[in-house]
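To start, the structure itself, in structure tokens.
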Amino acid sequence: MSFQNPVFIPGPTNMPEAVRQACYMPTIDHRSSLFGEILHPVLEGVQRVLKSDSAHIFIFPSTGTGGWETALSNCLSPGDKVLAARNGMFSHRWIDMCQRHKLDVTVVETPWGHGLPADRYEEILKADKDHEIKVVLATHNETATGVKSDIAAVRRALDAANHPAMLFVDGVSSIGSMDFRFDEWGVDVAVTGSQKGFMLPAGLAIVGFSDKAMKATETATLPRTFFDVADMQKGYDNNAFPYTPPVGLMNGLRLSLKLLEDEGLENVFARHTRIATGVRHAVKAWGLELCAASPEVYSDTVSAIKTPEGFNATDIVTRAADTYGMAFGVGLGEVAGKVFRIGHLGSLTDAMMLSGLGVAEMVMVDLGLDIKLGSGVAAAQEFYRRGV
Amino acid sequence: MSFQNPVFIPGPTNMPEAVRQACYMPTIDHRSSLFGEILHPVLEGVQRVLKSDSAHIFIFPSTGTGGWETALSNCLSPGDKVLAARNGMFSHRWIDMCQRHKLDVTVVETPWGHGLPADRYEEILKADKDHEIKVVLATHNETATGVKSDIAAVRRALDAANHPAMLFVDGVSSIGSMDFRFDEWGVDVAVTGSQKGFMLPAGLAIVGFSDKAMKATETATLPRTFFDVADMQKGYDNNAFPYTPPVGLMNGLRLSLKLLEDEGLENVFARHTRIATGVRHAVKAWGLELCAASPEVYSDTVSAIKTPEGFNATDIVTRAADTYGMAFGVGLGEVAGKVFRIGHLGSLTDAMMLSGLGVAEMVMVDLGLDIKLGSGVAAAQEFYRRGV
Amino acid sequence: MSFQNPVFIPGPTNMPEAVRQACYMPTIDHRSSLFGEILHPVLEGVQRVLKSDSAHIFIFPSTGTGGWETALSNCLSPGDKVLAARNGMFSHRWIDMCQRHKLDVTVVETPWGHGLPADRYEEILKADKDHEIKVVLATHNETATGVKSDIAAVRRALDAANHPAMLFVDGVSSIGSMDFRFDEWGVDVAVTGSQKGFMLPAGLAIVGFSDKAMKATETATLPRTFFDVADMQKGYDNNAFPYTPPVGLMNGLRLSLKLLEDEGLENVFARHTRIATGVRHAVKAWGLELCAASPEVYSDTVSAIKTPEGFNATDIVTRAADTYGMAFGVGLGEVAGKVFRIGHLGSLTDAMMLSGLGVAEMVMVDLGLDIKLGSGVAAAQEFYRRGV
Amino acid sequence: MSFQNPVFIPGPTNMPEAVRQACYMPTIDHRSSLFGEILHPVLEGVQRVLKSDSAHIFIFPSTGTGGWETALSNCLSPGDKVLAARNGMFSHRWIDMCQRHKLDVTVVETPWGHGLPADRYEEILKADKDHEIKVVLATHNETATGVKSDIAAVRRALDAANHPAMLFVDGVSSIGSMDFRFDEWGVDVAVTGSQKGFMLPAGLAIVGFSDKAMKATETATLPRTFFDVADMQKGYDNNAFPYTPPVGLMNGLRLSLKLLEDEGLENVFARHTRIATGVRHAVKAWGLELCAASPEVYSDTVSAIKTPEGFNATDIVTRAADTYGMAFGVGLGEVAGKVFRIGHLGSLTDAMMLSGLGVAEMVMVDLGLDIKLGSGVAAAQEFYRRGV
């Protein structure tokens, strides 16, 4: 483990060293006021990143998967109806979790590479006259396919159907890297983790609940203790957690929020768009295609790149790691072996991205793909370079 | 936050700097074989600390509370009967979790300061002719009262009743610091966290399941996804987690296991006993008493010290923090304001302990308690010092 | 190397972790403007610590010994006369360096444990009618004996003799921990290092030159290149060094200066006085005596403690290290085996000091000295504790 | 200071994080045996890197410049004759140091970009019938021009002249990265620093003395104290330094030596050759030329690249830093503004180098140079990539 090269997996991301150092602070008494000085700035900062004035922020020592479970178990009861689309591995897993928690999911099967079908949502919601659907699930950015969905469109579908269902959004690989508008989009629960846009190690589930979602917790009967938001809120009211808090990661989050806001959220998003666009130019120069079906769903945090028929895309990831010490992401589920993924989120510069593209090219040429060395790099450089 | 003085809270403990550095390693690809090089030594090392040849070890990005939930939700179904004793805040909370997960708990109320009543367990188990009790809960070390219970005695109670109930043990503040014998005691689920004997930040729930407990997961119907041990096992079989693993904390755990084994587990336990005994000599020299009712239940990881009637023990903790920059533990629940706690576990030396005792004395004298400065320190020194 | 206990050597001191982290920053281009952002705040901060408005500050990748050589080789020519007193190992070494650089030193032999004899200086200076003496050396704080000298008195001796000699002061173990007044005392060259009051690793020689000393460099003919202050000044004028600068240590110094000024220099000095006074109370309670002959020369950064006739004081240091993992200082030179030293400077709290005193007591009792355990700790506690 | 991108200055190099952490270890007692456990492995490891069985290794808290001064002041007396060639900024500075130390230097002016003229050395040495020349200086790798000289040829010149002069070699930017043969080449003093091949912060002068050089110290009369190797040797014999040692940097050096030897010295050299060759392919693809006049003098640690007439090469360095956050080296002295330098030594991978080449291309295109984006990267990739 030499740690010399940056990683290009779609999270956990490259982490600023200062953030890691903030994480590995020595022990403090988490029952003292010192912890409040970490907790409250973090809750407020996350709220700003969600672009919400009123979201109730909760942070658990867990991961995004725990965030999903927090959303479901606090707001729903066994048998409740849920509407969801499956267009990738992560939307699939959230649906699976619903089913294991005895929820009744209407699944809209959607081609991998496509965004969420807001129009189908609208039809189904309109057909649900009795408003039995309690929650609509939406994966903002499908990490498996590099597909960004239009959450505002999902909100419009709910509104068009005049349907009271709550909107739960998985923003694990978008929040902090791509624009997210909790209030404007009428999100009821947003879920993310520490290891993507926040540039931290995995270990935190970060969720925002609307007032409506909080209200729902009062009647929801799915069992919960570890992920109980009411217990957590009682803790926060006393500068505490209901159990031992992950103080170091929270301290790291305080710093990463400061870094994001010092750079400026809109600048952070623009940087992600710039770096991602360069990657897409490179893909085009290589003569390859994205898994994402059309430009409007191109993700700014991860690109899943299709390799030619008969070629095992996973070989690229293996060889990059073994021969050049560089990490890319493999294809998952339905697209395993068919795509490899370049993560381009978190703490990243144009220069770092060029090294990723350069290595990807060497690997592909090594493996016999018909790629011109330097071609993708040049396409990205042309986009990244700035006039004098 | 100056971090100059050691902390004396009963966890999170003082952490070796090398362990903290191991925790916040740069990002690696958690889907690569590199992660397996961290995962498997950790699972094997934890097994050795539990003194088990066969326990199935699972590690979740969570805390000890999540470990409790892992135990319950994987092995039990709503309505299942559980036997438990309440002798402190942490046994209380586990009972509360059972009830919130719709389990039917028989609670043996036990005076705080006393150990688990193995004899009462035996009576109840013998009376349970139909073997409706599925699980017996046992808190090995009550962190709130500084009370160690005799788990071997609980096992004998089960055996005397010839009762098939599983034995779930909370070893959060004992494992890694005090002797724990998973196999010998016939433990079915052992639960701990990263932030006590393992000298790490909070953030890991660490559990061991017996074959019998694994068998129980096949029929248990409490909903679970994040804490599902079968999913986790499937992950481990592929050097992976079912979601993003807490790589850094696992890497830190690998190092802390090495440190524990380099020192020698029995030496680690002896060191805890020595430091704790010195603290108890100091308490006696101060003319104070422990919350723990008798020597056989004295904990080697935390001492809860009773202050005189009419004195608010929490003032000691507050003044130590505000005036001398040192952290002790407050009393919790039933003994709030009546005791203060000195944690003496994890990465600790005799010299560090003397500074804790010295500050505690200054604080108590400042606050008007009739304590002789240096008296407790001298009593501990007499015990700690070694002949030439 | 467990690093759990604080060290009590008279430097290098305990270092704040944040300072160490600032030191181990990644590489920057030391020829870029980034380095100027470190360099200039450091030069200005050191000037403030010296209490000077006009001292020319130079920092070399070296140690205090290199600082001595900087002073001599930049301001003097072979054969120049120097006046110095020898009252400990460090004044001895500076005299030795003068002689090796072909300077003609008049040495006033002074009992170890006594301060500099300003009255003898005055006599000698008055007798030097031709002003052949070019420099008077003065060791502000003799680290070997724990003796602080009165530099203002040396200045008065020079003034009383109306003598133009320059005053060179070794402030290695005083500057940053004890009051130092470059301008008020008419110091011409002050010398210190990074590893004492500045709480950094060894590796920097830090010197201040008066205008008069700068003028002297123009005619001084001792050879010099590495330690040439004119080259260094030319470098600084371009945000650079004449060779590769120790960027990390400079960055650490920037932070340590900030920490000192955030605490307040006078508060830092008062803290050193308080901790040192507690140590002296402990020594008295042990029935031992300081090497320092009288209260007005007691050092606030290091105490050299005499042990009884026939006892080898070095055994204390050896046993403390081997048995209790704690570092004290041995006696040097003339007082080797006769004293052991407790360093109490740099990053230190009352609580840390208590652990040092507590271990010292255990060691002395182990070795058969007639010391009452807890006696010194109690005496220090009585002094350290604060009323409510 | 974001530290995201690698640096491409010709030292200090990129540093492995583990090495930095080893450098800033907490304080230990440098007079205890712990320090010996760092010191002796370091001295032995440096000897192996120099490929010497007998060199006396000395390490000073200083820089390479201090190493030059160590060589001169320990082995020579005022007026001694020295033979040297000036073919770049660093050979120039060593000559200048000789002159300031009153040595009588015969300077062979050599075009910048050329190697040392061993044939001219031979002529001069043969003409020196009385063997007045005491030392021949040789700069192994001129960091200013990217020129490697043939030290074996210099040795042959000495031998051909049957001349007893000592051979002093500046290996600052070669040792640890390029092959160096102290014994085989008959080197008498080798000089290097910590911040190049050893991948550490600046702060150590590292020198090796032959027995002959050690003998010369006995009669040499240049004044020295800080850099006195006899004092240093006496210190080492007691596991100590004559003053406070730079413990952390020595500890870092212990680790960097381990990393170099774990990789294998010959592998380290081969890696430097491979990366450097890729850079040279890129330079050719850009249509530019190296300052180094011919392939046999191409340096494997730094390339100085000439830019077209009328173009200010320094603009490349400025723009790379300001616009893309990447550090290259400026031209120095005679070639200031005419070349920019790419450092490719120390902790470096092919992938990192590609990012450096990629950014250099963007900058040159931005500034109007007629460079094809991706051309140099492609040339390097073609060389770096490996067949399957």
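In order of appearance the chains are A, B, C and D, and numbering begins at 1 in each one.
Here, a contact is a pair of C-beta atoms (placed from the backbone, for glycine too) under 8 Å apart; a residue touches a chain by one contact, two chains touch by 3 or more.
The structure presented is a predicted model; accordingly, all values stated were derived computationally and were not measured.
Within the contact network of the assembly, the step distance from chain B to chain C comes to 1.
Set against the Cα centre of chain B, the chain with the most distant centre is D. Rounded to a whole number, the gap between the C-alpha centres of chain B and chain D is 54 angstrom. With centres set at the average Cα position, the gap from chain A to chain B is 34 Å. Shown for chain D are the residues that touch two or more other chains, namely 3, 14, 17, 21, 26. Only residues 1, 3, 7, 9, 11-15, 20-21, 23-32, 34, 61-66, 68-69, 73, 78, 96-97, 100-102, 193, 195, 201-203, 222-228, 242-249, 321, 327, 329-330 of chain C touch chain D when the two sit together in their complex.
If you check the complex, the residues on chain A that touch chain D are 2-5, 14, 16-17, 319, 323-326, 347-352, 354-356, 358-359, 361-362, 365-368, 372-375, 377-379, 381-382, 384-388.
Of all the residues in chain B, the ones that touch chain D in their complex are 17, 21, 26.
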